[in-house]
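Residue numbering begins at 1 within each chain, and the chains themselves are lettered A, B and C in the order written.
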C-alpha cells in the first residue's frame, strides 16, 4: 500500500482551477518531484499536503490515516520553504531545536538531536550563528536540518534551491540526494527546473495547468514522454508529424523528404518527438532529411546546432568527440533510428 | 483553514473601544447640536437647526470663522515656504549634520505645545525680547506687543506646525531618484532650473499633503490661540470652549464643533483624494 | 546627493534653526532668573525657581499623574493595537482599507471636538472627572500612533515564518509568543513610546475633561499661564524641556527620529 496517497485532489478558487483530480501514490522512502511551469499547481498541491490550503475535494492519506481533518501543526511533516523561513531572531541551533521543543523533548536529548542534525548537513560549527550572518547555501542547510530533525514522515521541499546560484545549486542537489538516501525519508520536491527533477528523483510527476501529464521515473519520462508538453518540458525536443507511406514504400514513415524505415514498428499516428542527441549528420540518403546548418553553438562538451529544413527548424546536439560538425551555411543531412521517434498525443490532455 | 484567527476577531477589542469611546461620544455631540439651550432651564431636547442658523447669521461667529481660516491660511503659506526650503536644505547636508538638524527640527514635536507657546508668550509682549530687539535695531520706535495679536498667533502657530511640513516634504524628497537631478545638470540646466523643473514637481505631493495637514491643524488649534490670542481674539476652538465651559450652552458649542469637524474632514479627505488622483499614477504610490 | 548648500541656503538654515529654538531657549533662560518676576537672568543664573517647584505639590502631583496616565494609556493602546495590526498586516480581506481608516480616524478629528464629545459622553455616563474616563479618552487619541508603528513592524513579517512554526508543531499561541511577538517588538516598543509621549503632552482635549483630582501636567501649566505667567511655571516648563530633550536623544539613538516620524512607507 502506498505510504502517501493522494486521491482525486482538487483545488478551485472560484472559477480558477489550481489543481484538478490529482492521483498519486508515493512509496515509503521514495523521492518524488512535482515538476512543471509556474501556475501548474505544484506548489498548491504541496500546500494541501502540508495543511496550509484546504482541498476543494479529494483526499490525502498518510500510512492509511486520513490527513484531511488534521491541522497543519499536527501532521508531523517537515517543510523547507523557498526562502528558507528561518526564524531571524534565533540561532541555527535554536531554529533546529524549535520543532523538538514543540514535541516537549527534554533538553539533553534535544541538544543531542540538534547536534546530529547540524552535523548531517555539515554545519555543526555554525550552531550559534544567526541566519542574517549566513550565506544562502548555509541557510538552506539549516532549514533542511530543522525539517529533518523532527523525523518527519514526509519531507516537503518547496523550490528550495531556486535562490542559489548555479554552481551552488548543483552542489546542493547532490548533497540533498545523498542526505535523503542516508536518512531514508519519503520526500516530495517541488521544482520548475527539469534537470533538477531528473537528477534527484526516483519518480517525476509532470504537471501542467493543474493536471498530471505523466508520472514516471526520470529515464522513462525523458525517453518516452507521454505528451507533447512533457516532451518539450523535459529537455529539448523536435516535433514531427510523419505521414504513413503506402504502396511500395509501405512500412515507412515520411517526414519531409525523408522516407524512414520503421523496422517492424508501427508507423506512428499523430505527432512524434525526436530528441536532438538522437539525430546524426549523415551522407545524403533516401531516409535522411536534408537541410542547411543555420547556426551552431559550441558548449564545451557538445555542439548545439540549428538546422533549417523543409519541415521547420530542427535542433541537433552532437557530442564533441572529435568528429567534425558541419559549418554554418553548409548543406546537411539528418537521420535517426525509427525507435527514437517517440509518439506523443497531439494535444496535451492524457 | 489555518490556526490564524479571523481578522475581525483580532480587531474586536480595539473596535469595541472605538465604538464605545469614539463613535458614541461624537454621535452625542452631533445629536445635541440640534437641541435648544434655555439659559435657566438647561438643555431642551427640541430638534432644530437653530444653533446652526445662529452661527451662520451671527456676525460674531462670522468674525470667528474668518479669523480662524485666515490665520490658518497664513500659517499654511508661511509653513509651506519655510518648511519646504528647510527640508530641501537639510536633504543636501552631509549625513552627520542631517541627523543632528533633523533631531533639532523634529524634536520640539515631542515637547508639549503649552511649553512651546509659553516661550513665545515670553518673547512677545511689550517688555519681551522681540520688542527690545526690534527697538534696538531701529525697526520700531515704540514697544511692539505681539501678544494678543493675530500676527503673534500666526508666528507661534507656524512654529508649532512647521515641523509637520518638513516631515511631509522630507518624505517626498527621500523618494526622489537622485539621478534625475544629476541628469538635468548634465543636460545643462542651472541649479535654479533644476529646482524649479525637476525637484519641485516631484515633491509636489509632499508639499500639498503637508499644507493640508498644517491647515487642518491650524484651523482647529486651541492652546496657542488661547494663550497668545487671549480672550479677545477667539477662533473656532476657543469659541467652542467658551460656549461649553463658560456659557454652558452645550448645544451651541456642539454645533460649532460639528462645523469645525465637517470642515476639517472635508478638507483632509477631498484634498488627499485629489492628490492621490493627480499624483498617484505618476509616482506609483501604492500604499498597503 | 552631495551637492553642497550655498551660503544663502546656510544663512536661511541658521535663521530657521534660530526660529525653532528661540521659544525653547527663552523658556530655559527665564527659568534661571533670580528675580521674582519674568526677566532674563541678567544678574547671574539662579536655581531658586527650580527649588520652588519642590514647594509646589500641584506641579509635582500633576507630573506623576501624567506619567502614570501616559504609561497606562500607552500600555492599553499597544495591547489593543497588536492584534489589530496583525489582522491588518496578514491578508487583504474585504473591508481592510475601511478598518484601517477607521482606526486612524482620531488623527483627523480636532482635539477640541474630541474634548467636547468626551465631556458630553462622560457627563451622560456618569464618568465625568473619573480616572477611567480620562484613560479611555487618552487611549483613543494615542491608538493611531501606536497602531501605525506596530503595523509597520507587522507588515515586514514574512508569512512563511508562521507556516514554518506551524509545520514544526507550534500552536497559534506559541507561534505568536515565540515567533511573531519577538519579531514585531521594535514596532511595539516604539509604538508605546510615541503613545506615551503623545498622552503626556496632550492638552486641548484634556482641558475639557480634567477635574481637580485628575489634572495632567500640561493642563496644570495651561491653567497657570491663563492666570499669570510667572517664573515658577516657566521653571516647570524648563524642567519638562530638559526631560523631553533627554528622551529625544535616547529615541534618536535607539530608533532614529526620522524613522519614527517619517517612517519607511506606511
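Couple of notes before you dig in:
Convention: a residue touches a chain if its C-beta (ideal position, glycine included) is under 8 Å from a C-beta of that chain, and two chains touch if they have at least 3 such contacts.
Predicted, not measured: the structure shown is a model, and the values here were computed from it.
Taking the CA centroid of subunit C as reference, the farthest chain centroid is that of A. Compare each chain's C-alpha centroid with the centroid of every protein C-alpha atom shown, and the nearest one belongs to C. Subunit B and subunit C have Cα centroids lying 17 Å from one another.
Taking each chain's centre as the average of its CA atoms, subunit A and subunit C sit 57 Å apart.
Centre-to-centre separation between subunit A and subunit B, using Cα means, comes to 61 Å. Subunit C has residues 166, 171 in contact with two or more other chains.
For subunit B, residues that reach two or more other chains under the stated contact definition are 2-3. Contact with two or more other chains is made by residues 51-52, 72-73 of subunit A. The residues of subunit C lying in touch with subunit B in their complex are 1-5, 9-10, 12-13, 16-17, 19-27, 30, 38, 40, 80-81, 83-84, 86-88, 90-91, 93, 96, 99, 102-103, 105-106, 108-121, 124, 136-137, 139-140, 143, 147, 155, 162, 166, 171-172, 175, 197, 200-204, 207-208, 217-218, 221-222, 225-226, 229, 233-234, 237, 240-241, 244-245, 247-249, 251-252, 257-258, 261-263, 265-266. Here subunit B touches subunit C in the complex through residues 2-5, 7-11, 13-14, 17-18, 20-22, 24-26, 28-29, 32, 82, 85-86, 89-94, 99, 101-123, 127, 129, 156, 159, 162-163, 167, 170-171, 174, 178, 181-182, 216, 219-220, 222-223, 226-227, 236-237, 240-241, 244-245, 250, 253-254, 257-258, 260-261, 264-265, 268-269, 287-288, going by the rule given at the top. Of all residues in subunit C, those touching subunit A in their complex are 158, 160-161, 163-171, 174, 178-179, 182-183. Touching subunit C in their complex are the following residues of subunit A: 50-52, 72-79, 81-83, 85-89, 98-99, 102-103, 146-147, 150.
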